[in-house]
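One chain, chain A, links the two complexes that follow: it is found with chain B in the first and with chain C in the second.
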Partner chain A sequence: MDDFEIELKHDFLQEARELLQNTEQSFLELEKDPSNKTLIDAIFRFAHNLKGTSRAVGFGQIAELTHRAENLLLEIKQEKIFATDLIVSTLLLFNDKVREMIDGLEENLDAVFDCEQLMKDLDAIIAGEAAAPVATPAAASFEPEVEVEVEAKSVESFEEPQVETVAQAVVHKLPEKKEVKKEPRKDDETLRVSLNRLEVLNNLVGELVIIQSVVESALGKSGELKTARSLGKLCKDIQDLSMSLRMVPVGPSFQKLARIVRDTSKLLNKKVDLRLIGEDTEIDKTVAESLGDPLVHIIRNAIDHGLETPAERIAAGKPEEGVVEVMAFHEGNFLVIQITDDGKGINGSKLIEKARAKGIIPDSMNLTEQQAIELIFHAGFSTKEVVSEVSGRGVGMDVVKTNIEQLGGEVKVRSKLGSGSCFRLMLPLTLAIIDGMLIKAGGQQLVVPKGQVQEVIRLEENMITQMTGRRPYMNLRNTIIPVFYLEEDWGSVATGEKANIAMIVRHNDQSFAIGITDIMRQQQVVVKPPTKEILNKQGVMGTTILGDGKPSLIIDLINLYSRKLRQEMNNDSMVQAA
Partner chain B sequence: MFNPNTPVLVVDDMSTMRKIVAKILRDLGFTNITEAADGNQAWETINKAPAPIGLIISDWNMPNCTGLELLKRLRGDKNISRIPFILVTAEAEQHQVAEAVKSGVDQYVVKPFSKDALQAKLEMVHKKYAAAA
Partner chain C sequence: MDMFNKDKNSSNMETKRFLEFKLGDESYAVGLLKVREVITPPEVTAIPKAQPYVCGLINLRGTVLTVIDLRKKLGIRPGQDASQNAVIIFDLDERLVGVVVDSIQKVLNIDETKIKPVPDSDGQGMAHILGILHHEEKLTMWLDPKSLLDGSAPLKVAA
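Right after this comes the complex of A and B.
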């Protein structure tokens, strides 16, 4: 293979991947509206292009498989075959297979795949034979390691005709947005740039902003403040622009959900109306990529544990089709994704029972309803007696919570028994720049994320109550909150400096005070990921270079102290229990 | 054969296909190659191109405006002098070629095609236009 051929092959794989993304959406819509000519045309064109181009770049296997699918689609297009649920399922399998092949080819351009069965299935449908794909797409798409087992099951259930009709997933998309997508305007033309280059650019711009602040303070002294300010504004604009280059719409992450909802609802025989709102909302690419798994998990949970069966819903006086709404919007420096279902809600008392039985909380511990609901975030917690095939795979909501927190975000849950639950994911818009507060503690300059600090109060000695062997505490507007000292964890030397100021941090309805020596100023800092040496130190979010050119650690207060607090509370409850 | 400086327009909704066709054209010596992703874009390019487009190589099945629609639009416009038009087809479309010929297509190639295949077609088209001139 010469270089051009290799380049072409990679180009094709990337282009095909993008096409697949759009096509899956079309397949799902086709299921809802099987006689929609526009959709059929678009899907046919996809297969047509995929076949022609894959053959031209030398991926014969993709071409061969796609040729079968194209033939079937042509029959559908010419109205010789009607796109039944079964046929759409087979086509979705085809979609999955092509994706699998693309993934495989990206690793190894000479990879070979097994698609005999699928080609036979496609041919059988065209020949008008008992068209029966052996695996449901539901099984293939998210249970690959147990595929064989699930396959066997679906063959059994296949003989029952209601498989086709009982479960239906309906996907509502905002129509006006779809229109915009179809015909991109000329001035929206795009260019692919490697993320690496953008990262280098962002880093350089970050440095530029730092130098600018040094220059500003120097120029300020010589009376050239106006020039310094113009330079500052220019730098800020460049920085905003370079940051925005990393932003992508959440839409693609959302579109995957439509497929998940379809497959999960079919497997569970539940009816689900998925509503996606705010797909154009933008977020940092890195954040968007890490968002997929947590979202999928929450959605599956909502359908599996949240939504009732159609019969149960009718008995409860609800419409038989459950609603799952996924909404994205910006709030301050955060992207909020809210997943709401109108299912049965989370039963707090049941969770408490379970937690006690499992020894997660001591019998003597009383929890508020909200605290009880939040038990679902506890590691290794699953309330269903039998771990369900869909969502209980050992990966719990605790993993979702950890993942989101690692991104510097937060997960909140509200639930009302009988009316449903709402999960709220709050994610920072970008990981590369934060609004920081430069503080002093234990003789060190440190940066903390401003967003974590709820308020700052002046500490007087008589505000703090010390108890031997226990965490000191203070009374903040009639709430008792624990007091930590940053110096204990991150001071370079024991300076004996007084903690004059307390930052109040709130996490999961628990506030705590963190004593520091002083607050220097607020400033935006460019986060550089922690190096290997400090990666294992708890509570370090990264490092940055300050305006004076000195490096500083960025401390993740929530990560550091919520963990510490949990440990101390566990120790306490053990002491109490003993 | 065509002058290597002839502005060529390659129309295909798959960027990988455009790249392949452009590469073959460059290998055949062409130096002035423009691309468009569908018939509408191609139409715009034809009307706005600084030097008049002297050869079009277009895919058939494209969204918004197909290759055949583009051809009909071109041939129906009195202000545009006849531009040599080669349609790229897949085998599934071969039975439709008659319609393309009726609409004034000069040649068609079935993809995937080799450099030699395209060169042969180009020579035929060039001869036809040279004879007419």
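Right after this comes the complex of A and C.
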């Protein structure tokens, strides 16, 4: 395979992946509105497109499979077959299969897949055996299909086969018309730009802003301040714009949910109305990408644990169909995603019982209703008695919480017994900029994320108790907490400077103090990746460039100290003073 | 036919271009295409608890990169005069690394026939040497910056 061919194939795969996202959506809409003409046309066009291009770049298997689907779609289009739930299910399976093939081909361009069964199912539906789409062999009377298979192997290009039955001609001639008149590409108004280039642009603009401030302070002396200031405004505008280029709407992450809701509700025999609000809300691409899994998990949970069965709902005086609402909006520097269901709510006292039985909380401990509900975020906690296929595979809400927190976000839950639950995910709009605190420790300037620091206190001589061979500790409002010195772990030289200030960091219900020399100021910093030489150093979140153009390290205090803390806690269980 | 390479007309031998520099009193060279640029030594931000040969971080027009002192890494004593010191920015497959050298010499054009293989030796440093360049009665070591800077195993021994 030469380079050009490989590139062509990869281009196709990328394009096909995007198309598939849209078709899944269309199939789901088709299920709701099976006689929607324009929808069927759109799907048919997609299938035809996919068949043609996949064959052209040499992915025969995709072409062959798609050809079957296209035949079925043609029948639907010509209103010979009505798109029942079952048919939509098969088409969704087809969608999944093609995606699986694309994934496989991306790894290995020569990969071969098993799609016999699906092809048979598709053929069977066309042959009118839709009632049993599983393992029905293609009917013997189905002559034309066989012919097509031969054609698929022998004809490499778009050329129409020479010999055709009349029925076959319809299948092929129809789409041909559309081929002649080239479809305008839908994404005409957007331009695909590699993230790398955007990063370079952001780097350069950041540098521009720094140089501008140098120029401004130099010009200020010569009275040309006005010009310098307008340059400054311009630079700021350019910086805002270049930062915003990384933002994408949350819509695509939401669209996946429609499929999840459909499959889950079918499996559990529940009726669900999924409402998506605020799909245009924008968020950093990196955040958007890691949003999918937590969302899917919460939605599955809402349907499985939250919503009642139709019978239960009627008995409770609710409409038969449950509502799951997913709403996205901006709040300050955060994107908020709220997932609300009108199910039975979370039963706090049941959770307490469970937690006690599992030894997660001691019997003597009393929890408020809210604290009880928050037990669902505890590791190893699944309230369903029976582990179901849908949710509760041991990994649970604790994973969701961890994932969101790793992104610098937060998860909150509110629930009312009998009337439903609401999960609130708060995510930073971008990972590229964080609110930082510029600190000094061990003769070094470092940046720490402001969000990790709960409070800052001035250290006095007598606040810290030293013990030989043990971690020093201090008394913070009647709680004994361990004290670390950043200088010991991150100072470049032993300066012998006193730690004047302690930052209090809280992680997993455990607070600890970190002694530093000074806090310089708070500022927003642009997070840049760590260089290879410091990539694996524990506690490095990244690097950044400070206002004066000097690089600095961003230290992840929680990452740096939580493991150390756990080890030491195990060694000598710290005494918790009441 | 080859309108872009007029200087090559008399010879059909391939020539390669190198950047020659000094580490201490020793001459080394690297393939010119691996070099992004050469800058005067900037102020570096130290990386605490890093390997001793890591000088620190610099800001190269918005990109943060590490600067390494090859002399410390290879155990070469730095020259007396630091005024000619320079930092070579290497472009190693999408990643930039800076290297402090004593001085930049010049760009060498060397016929392929003048590039000799590395003599068979078990010296540690030889691991990162691609060949020996014979020019003007001198021998210059042709270093492989990628294997030298990518932190492969033998390096840590050398440091």
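For the reader, a short list of remarks on this structure follows.
The rule we apply is simple: the second predicted complex is superposed on the first by the 359 of 578 C-alpha atoms of A that agree within 3 Å, B and C clash if a C-alpha of one lies under 4 Å from a C-alpha of the other, contacts with A are read in each partner's own complex, and residues count from 1 in each chain.
Assume a contact is a pair of C-beta atoms (placed from the backbone, for glycine too) under 8 Å apart; a residue touches a chain by one contact, two chains touch by 3 or more.
Everything quoted here is computed from the prediction, not taken from an experiment.
Using the contact criterion defined above for the overlaid structures, shared-chain residue A:Leu553 touches chain C, although it does not reach chain B. Within the superposed three-chain model, A:Glu207 lies in touch with chain C and out of touch with chain B [touch as defined at top]. With both structures placed on the common chain, the touch criterion links A:Ile545 to chain C but leaves chain B unconnected. Partner contacting the larger number of chain A residues, of chain B and chain C: C. With both structures placed on the common chain, the touch criterion links A:Gly515 to neither chain B nor chain C. With both structures placed on the common chain, the touch criterion links A:Gly451 to neither chain B nor chain C. Using the contact criterion defined above for the overlaid structures, shared-chain residue A:Gly343 touches neither chain B nor chain C, since it reaches no partner.
When the shared chain is aligned, chain C comes close enough to touch A:Lys528, but chain B does not.
In the superposed model, A:Gly442 makes contact with chain C only, not with chain B. Once both structures are placed on chain A, no chain A residue is touched by chain B and, in the other complex, by chain C. Contact residues of chain C toward chain A in the complex are 43, 45-51, 54, 57-59, 61-66, 68, 95, 97, 150-151.
Those residues of chain A that touch chain B in the complex are listed here as 4, 8, 11-12, 15, 42, 45, 48-49, 51-53, 55-57, 70, 74, 182-183. Residues of chain A that touch chain C in their complex: 200, 202-207, 442, 444-445, 489-492, 528, 531-534, 537, 543-545, 549-553.
Chain contact summary for the complex, chain B toward chain A: residues 13-17, 19-20, 23, 61-64, 90, 92, 111-112.
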